[in-house]
Amino acid sequence: MINLYKSNMRRLSRNPLFIGGLAIAFLATLAFTSNMIGLTGRFAAIENEERMFFISIAMMGFFTVFVPLFTNVEYGNGVIRNKLVAGYSIKQVFYSHLLAHASALFLMSAIYMLAGILGGAKISGSMLLKNTVLFFALCAYISVMLLLSIRVKKAVALIGYVFLVLMFSYSGVMTGNAIVSFVLKGSAKTIGVIIYNTIAFGQWFANLWFSSEEMNPGNATQLAISAAMIFATVFLGAFRLDKKDIK
Amino acid sequence: MEYVFKAKGLRKSYGKFAALTDVNMEIPRGAIYGFVGKNGAGKTTLIRLMCGLQRPSSGSYELMGKAFDDKDIVKSRRRMGAVIEEPAIYKGMSARDNLIQQCLMLGIPDFDGVDEILRQVGLTDTGKKKAGNFSQGMRQRLGIGIALCGSPDFIVLDEPINGLDPQGIIEIRELILKLNKEHGVTFLISSHILDELAKIATNFGFIDKGKIIRQMSCEELKSVCRKSIRIKVNDVGLFAKLMEEKALEYRIIDANTADVYADLTFSDIAKDCEKTGCSIITIDERNESLEAFYLSLVGGEDYVPKSIR
Amino acid sequence: MFRNLYADTRSILLNRGFRFALAAIVSWQLLFLLFVWLIQTLFFKEALTAEDVGFSFSSVAVFLVTGSSLYISGDAFSSGCIRNKIISGARRTEVFLSAVCGGMFQGVMYSMLACVVSVMVSLLFTAGYMSYSIQEIAEYWIVITMACAAIGAFSTALVMSLGGNQLSYIIGFALAFLLNVVSARIVDKLYPADGLCALTGTKLAAYSFFDRFIPYSYFTATPHYGMGNYVSGCAGLILTSLAAGWMVFRKKELK
C-alpha cells in the first residue's frame, strides 16, 4: 500500500488544483491575518490570531471540490483497474487515498500556519490547540468526502452529493445554533451540542470569538468526536468495498 | 505442462443473466493464446474475472499456480499486466508520467525502463502532451505500454489493435512475438480480427454464449482448417458425377463452382473432365480460413457466408 | 427547431434524473411535513398551519433545479447526443436554444409539482393559511416557477458552454451554494428581525439589487416587491445565459 500512497503523492504534487490551492491558502491567510485588505468593523477590532482562524474554514470549501475530483479520476479514467490487476484491493486504494488527502490537508495546514505567523498571528498554546482541533475536524470532513467519492462513480452525481453535504453542514450549523440555544434543554441540549460538533463547520463555528460558549463542549470532546467520525466514515467507506464488481 | 491460468467450472451471473457458464480453460506458459468469440460471448467478462476486477459467482481458477482466493495471489498479480477494453490512463498526464505512475504503483525503484517502453510502443515523440489529447491509437499504445511496466510474465490484451494504423498493427504484432520468443512472456489476446490473430497465436480458445466451446493448439487448427482446390467449370452436374465415380470428397458452391478436398493433378483432372464433356474454366488452391472455421463452430456450416467460403 | 425541442423534451421526460428529482420533491415535502408536525406536537403543542409546511420547496429548489439540469445536460454531452445532432445537420443555435429551453422546462415542471403537493399537504394536514391570501400564495408560486426556470436555463447554458466538463458541475453547484448563503445573509441585513436596516450607500444599493433582481434570492423569502421586479430578474438571467452561452457554444470545438 505504501507504493499506492507514493503514486498518489506524486500525482498530488503535480496537480495544478492542489498547487493553486496551496498558493491561494498562503496568500489569503496572509492577507486576512494581517488585514492587508482593509477590513473594517468587527474584523478590524479582533486579534490577528482570530482573523487567521476565521479564514481557515476556506480549507473546508477547497477539499469539498478537491477530494472528489482527485479520487473520482480512479473511476472516470478507469485507472483503478490497473491497481486491481496489479493485485491491490479496492480497500487498499481507498486507504491510500485517505492517507494522501490527510497528507494534503497537513501540507495545506502547514502553509496556512506559516502564512498566519508571517501575517502577525502570535503562536500560543490556545492558538495551536484550536488549529489542531480544526485539523482533525477537517480530517473527519475529508473522510466523509472520500466515503462518497469511493462509492459514487458518476462525476455529476458525486459533485451534487458533496455540495449537498456542504449545504447541510452550513444549514445544520445555522439552524443548530438556534435550536441548541433556544429549544433544547438538559441532556437533549448536550446531545444537540455533540451532534452540532460532529460537523467540521460546527466545530469551527464553536471556536470563533463570537460564538456562544455553550456550543463548545471542550477541545478534548471535539477531538474525540472527530476521531469517532473518522473511524465511522472509514469503516462505512471500506465496508464490503472489495465485494464491488468493477467494469 | 505448466499453465499460467487454469479455470474450472467458472460461472458469473449478473442477476438472472448468466454471462459465463461452466468455463474450463487452460493457458499454457509461453503461449500466445488467441481468445475468439462473438460480441457478448463473455470474453471480457472472463478477462475481468481473471484480472481480479470481479469475483466469480461459482467455480475457481488458478493464476500462476495460486488459487483465486489465496492471499498470495497478490504476488501472481504483480507479475501480470492487462489492457481491458478502454485503456486505463490518466488523461491529465503525459505518456511518460503515466508510465512513471504505474512503476511507482508497482514498487519499481527506478524509471530507467520507461523510455524503452515508450520506444517499444512508439510514443517517444509525445513529450508533455497530455494523454487526454491523444488519438485513439495513441491511447491504445499507451495502455499497452502501461501493461508492459514491471516486465510481467503474463499479459492480457483485450482488442489490442483497436484504433491502430497498419504500421502500428505490425509494430504491436512484432512486439508481442519478440516478448514471447525472447522473454517467454505469455499472452492472452482477445480480438475480432481473426486474420491478425491467426498470424501470431499458438493456442486458440473459442467462446460462445458464456461457454468455452473449443480449445486447440495452432497445429490442431491447421489440420482442421482444410486445404481444398476450387474448380470453376461450365457444368457442375457433370463434374459432380466425375467426383462420385472417383470417390473424391467435394462440395458444390454454386452452378459453376465446386471445392474438392483431395490432392489432384491438374493434367489428370483436365483429361477426366474432357472425357465427360466438362470444361475447366479456372482452378486454384484454398485454405479454409480461421474466420470460416470459427463461424462454422459457433453457427454451423450453413452459417458461413458465401464471401468467405 | 421544433423537432429538436420535441426530442429534448422527450429525452428529459424519459431521463432517470428527472424522475428522481420529481420523487425527491414529493419525498422532501412529506418528510418536512412529518418533521415540523413532530416539532409542533412534541415541543410547542400547537396545531400545524399551512405557513409552517407550505414553503418547504424553496429550501431545496436551488440545489434540486441546479443538480437536475446539470445532470441531464451533462448526460447529453457525455453520451454524445450533442455531437450526433450537429453531425446530422442541426444548427448549433438550435441545439443550444433547445437545450436551454429544456432546462427551463425542468424548472417549471419541478415548481408545478411542488405547488400541487404543497396545496394538497396544506389542505389535508394543516389548519390552512393564516397569514396569506390566495393571491399572495399564487404570486409566490409564480415567482418560484419563474426563478426555477431561470436557474434551469443558467445551469444548462453553463454545461453547454463548458462542453460538459466537470468544471461546469463544480461552478454550477458552487454558485448555487454561495448564492444561497449570500441571499440568506442579505435578507437578514435588509430586513433584520430586531430594529431597522442599518445599511446605507453602495452597500444598501448592492444588497437591494441582489434582493430584487437575482433569482437565487427569490427562494429566501416570500415576494416583497412588485411582480415587475421578479419578471425582470428572471428574464435578465435567462437572456444573459442565452447570450453568453450561445456566444461560447457556437465557436466551441467539440470532441
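Think of it as A, B and C in the order they're written, each chain with its own count starting at 1.
The criterion applied here is as follows: a residue touches a chain if its C-beta (ideal position, glycine included) is under 8 Å from a C-beta of that chain, and two chains touch if they have at least 3 such contacts.
Only a predicted model underlies this, so the values are computations on that prediction, with no experimental measurement involved.
A.B. asks: Using C-alpha centres only, name the chain that sits farthest from chain A.
C.D. replies: Of all the other chains, the one whose centre lies farthest from chain A is B.
A.B. asks: Using CA atoms only, can you tell me which chain is the most central one in this structure?
C.D. replies: Central by C-alpha mean position: chain A.
A.B. asks: Nearest whole angstrom, what separates the Cα centre of chain A from the Cα centre of chain C?
C.D. replies: Those two chain centres are 29 Å apart.
A.B. asks: So what's the Cα centroid distance for chain A and chain B, whole Å?
C.D. replies: One centre to the other, that is 50 Å.
A.B. asks: Report, in whole Å, the distance between the mean C-alpha point of chain B and the mean C-alpha point of chain C.
C.D. replies: From the centre of chain B to the centre of chain C is 54 Å.
A.B. asks: Inside the complex, what are the residues of chain A that reach chain C?
C.D. replies: 65, 69, 155-157, 159-160, 163-164, 166-167, 170-171, 174, 183
A.B. asks: Taking the complex as given, what residues does chain A use to touch chain B?
C.D. replies: Touch residues, chain A against chain B: 3-4, 6-7, 10-11, 14, 73, 77-88, 243, 245-247.
A.B. asks: In the complex of these two chains, what residues of chain B are touching chain A?
C.D. replies: Touching chain A: residues 48, 51-55, 73-78, 80-82, 84, 86-93, 97, 100-102, 104-107, 146, 150 of chain B.
A.B. asks: Could you pull out which chain C residues touch chain A in their complex?
C.D. replies: That would be residues 43, 59, 63, 67, 70-71, 74-75, 166, 169-170, 173-174, 176-177, 180-181, 184 of chain C.
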